[in-house]
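The structures considered in this document are given below.
Both complexes shown next keep subunit A, but they swap its partner, so subunit B is in the first and subunit C is in the second.
Then we have the complex of A and B:
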């Protein structure tokens, strides 16, 4: 029974990994930008929420509702101001810019908030749970999973049903031809980055409620996003969801075998996919 | 009435002067074909008109508006649509989604998804298929439909017949009169000279980026065209 429990907990955690990885996948899919600051952005969102809760005393859900759109706006501006210029200089330049951004963000956080480990307190909600037969399901992991699923489905609908979403996919296929049907690539890229930042902020806040964080947490989070994306297959939204779930379930089952195995199990699956199915489990179609 | 007016246009392709001081006028409702050998500057000219390559000097006016420095996406709103060389459909999108990308900056006009399906009836039942699964000729038709859906005043078609069987090419060109009748002006680049002479009201022959021969197909002898095409004589 504890194995089924591990499976369920892993599944729920996987939804969060998928949400966290979506932005990384989207930015690479549309702009071929590997955002090395992805993990740090999640941590920045956590600290921002911490400061807002501490400073204004607003309830956590209000802070989340404020932080996520703020990050979307921040994403749009980051693309237009910081990343767009480096895009024409090739993939190495964008990699360096995001690497630089990662270091700057970590040090700014260290300067403002010190190196102390923090958590976002969501009150009794973080620990409350209900019984489903023999399995105990936490409300927080369940809500996290459902929210992640809803956001991914929303992005899926946006990409497949709206004109702008179609342009995102078209630009991902062929930027020049997309401009021939009227896509302003700077705007399209801005929108893609806005979605990426909004999802990474939401994921960052959920991580912050679940577990502790400090200014240097970003890079170790980033590896989870990379693993989810690579396991699932690059550029596929549903692949990312699958990749996140595989990673979550593997870690959860790994920890069931031996708590020290948690992270290692995930890394091993990641390595196995890289070695035997480098295109990912669900390769092929964009979005 | 003049729709497109090109004056002394020079476009460099790397170090090469691909289009060299070209001037050209296009009347509304006309079909102009540009012919010429490989490397004569035909495609570069179309890419410059669509805003993909920026000219070194010269001007381009569309309906008396100077669009010389407009980027590609703004030219779509201004009324120019290019069917690029090699079709360039979006591989991960379905046929219908490819067509719908053309409506992103839709201008008012006669073309709608239904109208495209009337023009190419086979598309209706294949609209949910992935665009990459179509044959070359079918892809070309979708690329034309995609361009038409923005309701352009000026349709640019680059190398329509490239890599397609002659019978397919003829069938696609059969749609041209209907497109022009709907009020669209067409500028086509064609390597297949006899095909160009058949469908165009006027032809220009390019050689090393310059227009060396221009006229109505009926008024040109095949010898004149041959000489201009290969740059023989005078």
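Then we have the complex of A and C:
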């Protein structure tokens, strides 16, 4: 029965991984940028929420409502100011720029907040749970899973139903042709980065409530997101959800076998996918 | 004699193709003098200077290996710490088996090649940008596997045996010479490799992969050679780090910080030039020593400078120097001058 429990916990964790990985997948799908600062951005959101909750005493949901749009704006500006110019200099330049950003963010956080491990206290909600037959389900993991699912569905609808979403997909399929028919690629890229940053901030806040974090947590988070994207299949939104769930379940079952196996189990599944199905579980369409 | 023979002979007579400009002969002499000076240094200065220089040499070697990988092979890796770690642990393990630690350093390079072969099978399945994060994951896997081996000290690391009998002054000097040899071997190795056939195919692949492949170059083979050489160099550097610090800690040796150092040194110094890592390492080292009292702010500054260099100065500092002066210490291309056409 504990195995079924591990399975359920892994599934719920996987939803959060998927939400977190969406931004990475979206930025790669649309701009061919691998954002190496992805994990650090989530940690920045966590620390920002920590400072806001500690400094102003605002309730957590207000902080979330403030932080997520703020990050969307930051994302748009980052793309237009920092990334757009390096896009023309080839893929290596964007990789180096985002890696530099990652190191800068980590060390600024380290200087401001010290290397101490923190958690974001969300009151009794974080620990309350209900029983579903023999399985205990925490309210927090369930709510994060549902929220992640809702956000992913929302992005899916945005990409398939709205004009801007169609332009995003068109730019991701063929940049030149899309701009020929009137898509302003810089604006479209800015929007994609804004969505990516907003989902990263939301995921970062959820990570902060669920588990502890410190300024050096970012890189390991980036690796989770990356693994979810590759396991699911590059450039597929639902593949990313599947990849996140596979990763979450693997880690959860791995930790059931031996707590030291948690991370290794996830990495090994990733390597297995890389070796035997490099196109990912749900290979297919872009974005 | 056919017409085409005649034409090609006349064409060959019309141009003067040579590897070295006159400046590179002069600068070659200066470099040689510098190497002799550096080799004699343990007799001249106190050991704290040579100990500091050991760290510098390790950085030069690592940056040179990353430059070979990314600047010439087009393989941007964020996972070379895998081989630094494997090299470091190889020296620990070989010393436990009774091998003299200094002799274990070149063996550590060999161990890394052995590990790099299967690693490249996996990593090369990821293209372009995804290669970077993929190598990083593989480095994490190696770290997680190493900490599970109790004989290697698990998560808390292990001390190096076999050097405790040596006099500290002699040990310091020997470590210094090993580190100097490492740097010379990596710089010289890169130079020789890039002057040869492999270098030519690499530069063709880097500039236009499809065309190079169409011209009959085995792209994957060229990249794999570079990957293996880079793994060997990083492994030897990991070995030098171990004989210098006399212990190894898995979290420190497999830290992605090493990749950050390598990348920033190369990007600031000039990616795709053998001289780049040398200049970049000097800048990096100076920043690190100057800002030693300000915690990790040097990394923040380095990150900002790195971003700026990647964004606005793709040739780095050496690119600037070369554009202004045409100087080339390690010419890997050819100078072509048109003579008087008959």
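FYI, the second predicted complex is superposed on the first by the 287 of 287 C-alpha atoms of A that agree within 3 Å, B and C clash if a C-alpha of one lies under 4 Å from a C-alpha of the other, contacts with A are read in each partner's own complex, and residues count from 1 in each chain.
As a convention for this text, contacts are C-beta pairs under 8 Å (C-beta built on N, C-alpha and C of every residue); 3 or more make two chains touch, one makes a residue touch a chain.
Owing to the predicted nature of the structure, the values given are computational and were not obtained by experimental measurement.
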item	value
Touching partner for A:178 - first (subunit B), second (subunit C), both, neither	first
Subunit A: partner with more touched residues, subunit B or subunit C	C
Subunit B versus subunit C as contact partner of A:169, first or second or both or neither	first
Contacts of A:1 with subunit B and subunit C, given as first, second, both or neither	neither
Touching both subunit B and subunit C, residues of subunit A	none
List of subunit B residues in touch with subunit A within their complex	50-52, 71-73, 76-77, 81-82, 84, 88, 90-93, 97, 100-105, 146-147, 150
List of subunit A residues in touch with subunit C within their complex	28, 32-34, 36, 82, 85-86, 89, 91-97, 99-104, 106-108, 110-111, 219-220, 222-223, 226-227, 230, 234, 260, 263-264, 267-268, 270-271, 274-275, 278
Contact set on subunit A toward subunit B in their complex	163-164, 166-167, 169-170, 172-174, 176-185, 285-287
Complex contact set, residues of subunit C against subunit A	70, 74, 76, 78, 121-122, 125-126, 128-130, 132-134, 136-138, 140-141, 144-145, 148, 256, 260, 263-264, 267, 271, 295-297, 299-300, 302-304, 306-307, 310-311, 314
